[in-house]
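Accompanying notes for the structure given below.
Note that the chains take the letters A, B and C in the order they are written out, and that residue 1 is the start of every chain.
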Amino acid sequence: MHTTDAAASEPGVFANGIWKQNPVLVQVLGMCPVLAVSNTTINALAMGLATASVLILSSATVSLLRHWIPPQARIVTFIMVIATFVTCVDYLVQSISIELHRALGAFLSLIVVNCLVLGRAEAFASQQSVRRSLADAAGMGCGFLFALLCLGTVRELVGSGQVFGYPLLGDRYQGWAIMLLPPGGFFSLAGWLMFFRWWTLRRHSASGSTFQLSGPTDG
Amino acid sequence: MSQTSLNKTANPTSPWQIYLVVVGVGVTCGTLILAVHEATRQRITDNRAAYRDQAAITVLPGAIRVTSFRWDDTGQGLSGHWVADGDRQSAETILAGYDPAGALVGVAIEAAGRGYQDTIRLIYGYSPTQQVILGFRILESRETPGLGDRVETDSAFVDQFRGLPVQAIDRGNEEPRVELGGADQQRAWQVDGISGATVTSRAVARTIAESVARWFPRIEADLSTLREAHL
Amino acid sequence: MLKRTLQLRTSPHLHSGTSVEAIMFHVALATLPACAFAVYHFGLAALLVLSVSVITCVLTEHVVCHCRRQPTTVADGAAIVTGLLYGMTLPPSLPLWMVVLGAIVAVGVGKMLFGGLGANPFNPALVGRAFLQTAFPLAMTTWSSTASDRFTSVSRSTFTWPLMRPDYDPSSTDGISGATALGLWKSEGTLLPLPDLFWGTVPGCVGETSAALLLLGGLYLIARGMMSWRIPLAILTTVAVGSLLVDQFESERRFDPLTMWFSGGLMLGAMFMATDMVGSPLTGWGCVLYGVGIGALVLIIRGWGGMPEGVMYAILLGNAVSPLIDRYIHPRLFETRQRSAAR
């Protein structure tokens, strides 16, 4: 379990989730929605926001309840809390736009099994104060959203020449259909992982510090 | 686990405490879901209806409002009749579109058929007065981008369905059967496909043909209800 | 590079004398008749596709080696063969920028990313083609006509600006598009005359049309002992037997064994793609099993799949299971009748 340094302040905890422990680009968690719903920018944005809001709400609730939940019943309670918020978010998305709900499909309900959400509840929120849990969940949520947007932008731009439906590359552009299909998710994920790994390595070799890259964790 | 919370060894929790927490959290969660459901229900229903009505209007040129009808199958065979305001979610409902004067433009019907990747759901417009298809729109499909999804964007393919005649075949005592296309087109789905997307384009044509065949007798049987709803 | 390292091996220590360079030279030689015919049949466009693909493959390999700060492996000729085979699987009117992109994927992703020659699980040429097929399904299924001025001019689509949508000549797309032998067979149920299919005077991909010359090239390699004869034999036998069987029960599907053999990419696939030494099993019986599997998949995809042609996916799937085949069918220990022990 890689909980962060206990001394880190709330801004530090928040930044940690976005960058050093980014759930997608460093921890490689929650791959199913990341690969499946990042085919367009708008889907990525909606999915990222939905996941982030479930994460924040459930982390706050778990942190609030942490003194009352007996250890034997913690997983079942966490899942109940998470499932509740997922259901609520599902209703809210439907009330905003049916089309968006259709585009996200089953993956909206499947946030409940996203290991990122349960992982943060178990590893962080169940042991930390509400303020710190909120900072952590917000950081992780933003990190997840950021990574999804990275994938979604590349996939939509290369796949159909658009970003948020706006034809950025002109109407003569030949889209690469493969980027909108499942293989494109793997290609762009691999590309981004490679890019961020290279960038981190380069930055740390430049500053001369010995930095141990945290490898992907299972989840 | 942590030091501050969940102190497991010092104070063993009794089963009752576990039950209490689980039931308490469960009840609270249930209440919350119920509250959100109640709060959003009206908007969701409206959104769904608006989404479908919007789709119906796009396949019924000239229509400005739509009314949903449900087939009430009380009698034997085709002696049922149309009842206004059917459940808009149901597949057994059709949407009749009317122009500003209240005259029937046509009916929009949802249909689904097996495509290349997955089920294709579409809505198409049918004019009972002229007995032609008015056009179609894909509601949901997972066909290959750039290939299968050209059934929506390829104008030559889409245009074939505008004004495609539906022919009733009189077969004596049998229920009236229908076929798409003129008399020279032998098979129901002999609409020119899109090269490279044969499966998808045939699926669209077949889905519409099968759906027309299914609804045609009922629309014919009680056309007056549909026609006079807004006169 | 291999020669410079000290090799520690179990027996046998005798070397057959063939090297990677020699094999690659003879494979390239074996494809030459079919390539020459392609240039005659499709004209300048085929020449452009083939040369662009070979050049891009070689350059990609060189650049990747350079980026990895390794000595370049271009000299072994494998990139040239990959480029030739990849170019042969493309439609002649494919825009050249797509040819370049697919070649980069073929060598860069299909081969070098896995560690270079010998470490790639899939046939690199087919990886490149599969990428293009999925990325640009329309361009990959548009076939140009064989016009009389084919030696002086090329289809408008060939010189499309990079990343732009190709523009096909309105005259040529009309009657010709999608009209490969298998496309016609699948959508209309008509069979093209067998001699045309055998000699290759039909529309199709650059190097796949002439079954006769491909067969000739394959026999040359078999005679030289540079190719497993079991794989093409198993594939072709399975396709023929399978077609006859289907024909028995569903004759209206018109599964004619010879048409099945000579149309589409089956000859090219069976002779040059499936026999790729890296992606095929080690043992004789393993090769037979592999060939039978590929043949059956080809028939299934052609007959019941959404696409008219399935040789590419059949071989890629065959490549994927060939390590598994090697796990269950072990090579015989040298000079014994005993198979090596299971791991």
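To be clear about the criterion, a contact is a pair of C-beta atoms (placed from the backbone, for glycine too) under 8 Å apart; a residue touches a chain by one contact, two chains touch by 3 or more.
What you see is a predicted model, and the numbers here were worked out from it, not measured in a lab.
Novice: If you average the Cα atoms per chain, which one ends up farthest from chain C?
Specialist: B
Novice: Which chains share more C-beta contacts than any other pair?
Specialist: Here the largest contact count links A-B.
Novice: From the mean C-alpha coordinate of chain A to that of chain C, what's the distance rounded to whole Å?
Specialist: 41
Novice: Distance-wise, how many Å sit between the C-alpha centres of chain B and chain C, to the nearest whole number?
Specialist: Measuring from centre to centre gives 44 Å for this pair.
Novice: Whole-Å distance, chain A centre to chain B centre, using C-alpha means?
Specialist: For chain A versus chain B, the centre distance works out to 34 Å.
Novice: Can you list every residue of chain B that touches 2 or more other chains, as numbers and ranges?
Specialist: Counting only residues that touch two or more other chains, chain B contributes 144, 146-147.
Novice: For chain C, give me the residues that contact two or more of the other chains.
Specialist: Expected reply: 136-137.
Novice: Two or more other chains touching the same residue: where does that happen in chain A?
Specialist: Residues 177, 181 of chain A touch two or more partner chains.
Novice: Could you list, by residue number, the parts of chain B that touch chain C in their complex?
Specialist: 116, 144, 146-147, 193, 195-196, 198-199
Novice: In the complex of these two chains, what residues of chain B are touching chain A?
Specialist: 1-2, 4-6, 8, 13, 17-18, 21-22, 25-26, 29-30, 32-33, 36-37, 40, 43-44, 47-48, 51, 140, 144-147
Novice: Which bits of chain A are touching chain C when the two form their complex?
Specialist: Against chain C, the touching part of chain A is residues 169, 172-174, 176-179, 181, 183.
Novice: Help me check something: in the complex, which residues belonging to chain A touch chain B?
Specialist: Against chain B, the touching part of chain A is residues 65-74, 76-77, 80-81, 83-84, 87-88, 91-92, 94-95, 97-99, 102, 126-127, 159-160, 175, 177, 180-181.
Novice: Would you pull the chain C residues touching chain B in the complex into a rising list?
Specialist: Against chain B, the touching part of chain C is residues 136-138, 141-142, 177-178, 186-187, 306.
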